[in-house]
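Common to both upcoming complexes is chain A, partnered first by chain B, then by chain C.
Our next item is the complex of A and B:
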């Protein structure tokens, strides 16, 4: 789709505005009220949402001319491989680095709207606490339990077919788009009590996380490790984690996860396979009794 | 004595490898990182990881040849024992990563597949699609998570390293760090601190590096007394996609499949590229290098693209520098089959389909070969003494450097697919060395007697932070100063270096360093204040920036990535056999003189104001004798012959 068919020349369409508005839902800290702030940005071709946020930080002035603080946001690699910069952009969960302003303005000429993810506690502005996702990886024991790191020769042989199944699953960057879009994944936000130490609070948070829905990303990771010949040796532990409270039974099969995944990981296939594996595991446990 | 602990700073490949190995050895580890470790910059590595393998061995390859390629590629600037140890370990490291479940590409029979990379004749590179770094770091992240789950590793993600804690005897006893959410500043007692904090590409404004690669941890360490080595050696990759926020890598395989590099002959010709006729296009690589065309070696391609834009003013665009990398003459189906992955990246970020319109690319800062000075203990055979507490230790006892932030493995220029290896190797190898260091200590930094020291140094950082927030200050904007710093550094200290330009750049950087002290913060809050964190990191870019510039200014020669045309040695151009021979001998004389003077590590030490002073150290080249790098040089064969006879 080049510019020469007269349709989508993002960097060259002469009707681009000279500037555009960015509306950002800001929040100073947890448990404070969010507020909208408007910024006006001079249009340039080939901007992405990250460079818009960088411009806002440099200007530090709202569209009404009032001084403001730079917007806080998360990012690192800026090439859609680290998973840090997930936010709601024009209502859709996605990575800020690969969200191109030219495309966004085509979708909505009124400008850009940025909000923090809604399923995780807001720390400030667009920064949210996604530690629940990393906790979920511990919950499903998402690793290969090797004996040790000494030299024991190569790993097990693997067919090309198996590698081609596992590789897409291992591209998951724990960005959280899948759970943000999931109707079954409810926000868990706790406050530290005044009589609670940091350690006690962390332990309470983990208990709460461990009883809430584990989410598509972690279910898919369980399948990644169950598929590996060494990982398969303790497939049962992962399946049991998926059968516990907040496990795979919570999935309502809305299929939103797979449609928003920036890496196009076949999450619903993973969930279906996890469903079958847990059923077989349950039956086997029943008959082995 | 209370329990001894190790603090690892940085959760990329090196930091994670060290953490999991230390945990296996039963050492208690605190792992600190700016980002959740899974989001570290190592995820950006694409190509693969090098090692000798069963197939290359049958073609005559060996660990020694991997060592040879690495030091030849690095223009002999690295000490050879650490490289020998690394290349000896490489096959074992691939096996380990394979056992950890990395989704390496496979042959039809199920063996690991390998591809060929630059600087070697052998297919040594194992790879996992085009995301090898991501796959490797995930495997290590998973192992560290396993140890965390078992209670052996404490995670401090979202903490910014502010300084090492050094006692009166000059030994490192921990570190001071700041929480990026709560802004709490805390002392972390530790009996060894391992810096695994990566490169410093952000000093150049935009690079192929991630936003965490600002070099602040390295800078804060050199300001506490650690030496910085070979700062002037910074790798620039020829083809990256310029972006307003980042320069994203475009793989060399685009040229390998027939991509042509050109600019309009008319400066800033505003017509669409397809409307510019063949005769109005300047295919500068093909014209200047008829033999190699667009596939000249990487450093030459980088220099020529830079030259055509910066010195000849022929950039495609007026307001930014770029040239066309054109694939539009190749059928779509062929492009999709051979280059689909990387073309999709271009399309995703540029919103333009490179199958229809030439890509706009420009070289970009990619890797820092230089870094924190680190020691090693050599064996009689030329390898490293296993378990010696000296290995990877900086000149501050108890403070170690591993991964891209050390200077050990790549000399003047890094070979592709060697960085993933050096990161994992140094992380794994250092663990038993640190274990032995702990065994030799009589106490623990957690003992009461160190409370005063740690509390004192914490208050120093707290005071600094509070003063920065309170400072009425001038009107300088830290983001603007960062852009200016990036512009100066990119102009003077990347591809082509010139002493007048470097002198002017030093002056400008000194001026910016003064201005940064007059920055006013637009956020003076005490919660998740990214403005103050950025301003601190920016301030700390200056000592390293000065070391890069001073090192480059002083080094009057060409070596690896450091290219200074005024000191280039011309080739042998005569056709008369006698004269040819005489020129070749003269070339070899000049080469020997140059090595006597410059085959040395640049060492920068810093005073209290962050001003570097340079000195030089001999390089251990006892395993592979240095020889001329002649690729593409006119009359190279004559020089090679003269050199061989001289060595015989």
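Our next item is the complex of A and C:
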């Protein structure tokens, strides 16, 4: 060091830690009490949260030196297109595979904090049951019905303009970030009763889901398929679903969904458009009946 | 399909929420704008405000009906459903610190403040009920029912002299203004008027300007009223109001009604008024 006061000590050349701490909220089974577990990981450049979890699985030892079971988590694509690895990283809902440790440590040098998503039932550790997301897609009929096998000729043309509106909406991976951050989306977690068969339990769960807030992703998907030239023919059914219990009316315009969506889907535009379509649908029903 | 009967509220949730949204604008929001603008007319003169009050009271026996149909019932509906909505939300603006999310939380907080404020305000100025017994034995001893429509500016102004009340009115009125301005913006999304991010940003500018203007009007009303309620201006206002009253009574435009006049502020005149017909005070 050239100067004794230390003021010019090279800070740019980065004082990367030799190791960092990872705090994980673990849970053994559905509806059991969660507990925090700490792990110390040797620093390497270019880690992401999935590789951190892999290191933790290999170590299988907490930072107190106790041996522990591997932390359970989900992943598939490892490139932010499947949504399976979604969790709360430093309190923010996002995908573990695209969460870079260098950036996270810059934001918060204290280390990482991993929690399962808070709006879905926890299955184990960081794995949650996101079936409510998929049920919501069923609710709003987020598909194009094609009946029969006969050749019905070419479908309607899709304009360049509508293609440009629809493409971003089609990128949704049903990850659930939007509903995780939504202040109007309440968690629904049911437990199977001892006198209930699996089918009965599934039916009860679906009923409960169907009366709870459908969420931004499904609202946006309803718009995607209402915009489709063929899908448009069933627009009324999708709007009816959006106007049912737990429909679009639950949205309180906090707009967190659009802020956290990793695919930057214009969710609040979809919500406003669904608002407009349901307004028109409501008036039409009232005056055309 | 679901065989279990859904509650009436769940089945009609969409319609109820749309009516809630609508009621926030008309009649409740529209009424609030008129109310604040009329009150701010005190800045022009106590007489101007008094004339506005007279034109409202020219509805006579229809006034309570109009008040209930277009103000109290819609407001109660909006407020009660509003409290239910607040109960169903889980504000998380500490965790997700985005502008619109703060506005979401504020919309709920200001709604609750508006609820409390309006209840207190209606007691403070009008005493809730007009029954004589209630007014004399309960409302007035508790500091309520201060407003007398035929001494409008002087009684309202005199009622706004303590710091506590001014702070209460400031918080309450500005909460209502924010709630309406931001509510207007969310309403445009709810009904699908502004859909694209650019349109929502433009609408946000318009709603902000509207909110600031209405905020200025409400400050004008509050401090204008307060200024009339002290010292010389108070005596002047009372004289003007009394002159207007007697003039109207004399010309047969107004039924004499001591209930709508200020009793406590001009005690001595009140006593005289009891011993002599009020018209004769004026002619002396």
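Just so it is clear, the second predicted complex is superposed on the first by the 268 of 289 C-alpha atoms of A that agree within 3 Å, B and C clash if a C-alpha of one lies under 4 Å from a C-alpha of the other, contacts with A are read in each partner's own complex, and residues count from 1 in each chain.
The rule is short, and it goes like this: a residue touches a chain if its C-beta (ideal position, glycine included) is under 8 Å from a C-beta of that chain, and two chains touch if they have at least 3 such contacts.
Because the structure is a prediction, the values reported are computed rather than measured.
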Report task. Applying the touch criterion given at the start, work out whether A:42 contacts chain B, chain C, both or neither, answering first, second, both or neither. Result -> neither
Query raised in the report: Looking at the overlay, what does A:274 touch: chain B (first), chain C (second), both, or neither?
Result: second
Report task. Would you check which partner chain A:200 touches, where first means chain B only, second means chain C only, and both and neither mean what they say? Result -> neither
Query raised in the report: Should A:247 be classified as contacting the first partner (chain B), the second (chain C), both, or neither?
Result: second
Query raised in the report: Just chain B (first), just chain C (second), both, or neither: which does A:285 touch?
Result: neither
Report task. Mind working out whether A:70 is in touch with chain B, chain C, both or neither, as first, second, both or neither? Result -> first
Query raised in the report: More residues of chain A in touch with chain C or with chain B?
Result: B
Query raised in the report: Does the superposition put A:138 against chain B (first), chain C (second), both, or neither?
Result: first
Query raised in the report: Just which bits of chain A does chain B share with chain C as contact spots?
Result: none
Query - List of chain A residues in touch with chain B within their complex - result: 1-4, 8, 10-11, 28-29, 44, 46-48, 50-51, 54, 57-58, 60, 67-70, 72, 75-84, 97-98, 100, 102-103, 123-125, 127, 130, 134, 137-138, 141-146, 148-149, 151-155, 157-160, 163, 166-167, 170-171, 173-174, 225, 228, 230-231
Report summary line: chain A contacts chain C in the complex at 91-92, 181, 183-184, 186, 207, 210-211, 243-256, 259-260, 266, 268-269, 271-279, 282
Report task. Could you please specify the touching residues of chain C with respect to chain A in the complex? Result -> 2, 4, 6, 10-11, 13-18, 85, 88-93, 95-96, 98, 100-101, 103-105, 107, 186, 188-197, 200
Query - Residue numbers on chain B that touch chain A, as the complex places them - result: 20-21, 24, 35-36, 38-41, 43-44, 92, 94-96, 98-101, 103-112, 128-129, 131, 134-135, 138-139, 142-143, 145-146, 148-149, 181, 210-212, 243-246, 248, 272, 274, 345, 348-353, 356-357, 428, 477, 479-480, 522-523, 525, 527-528, 530-531
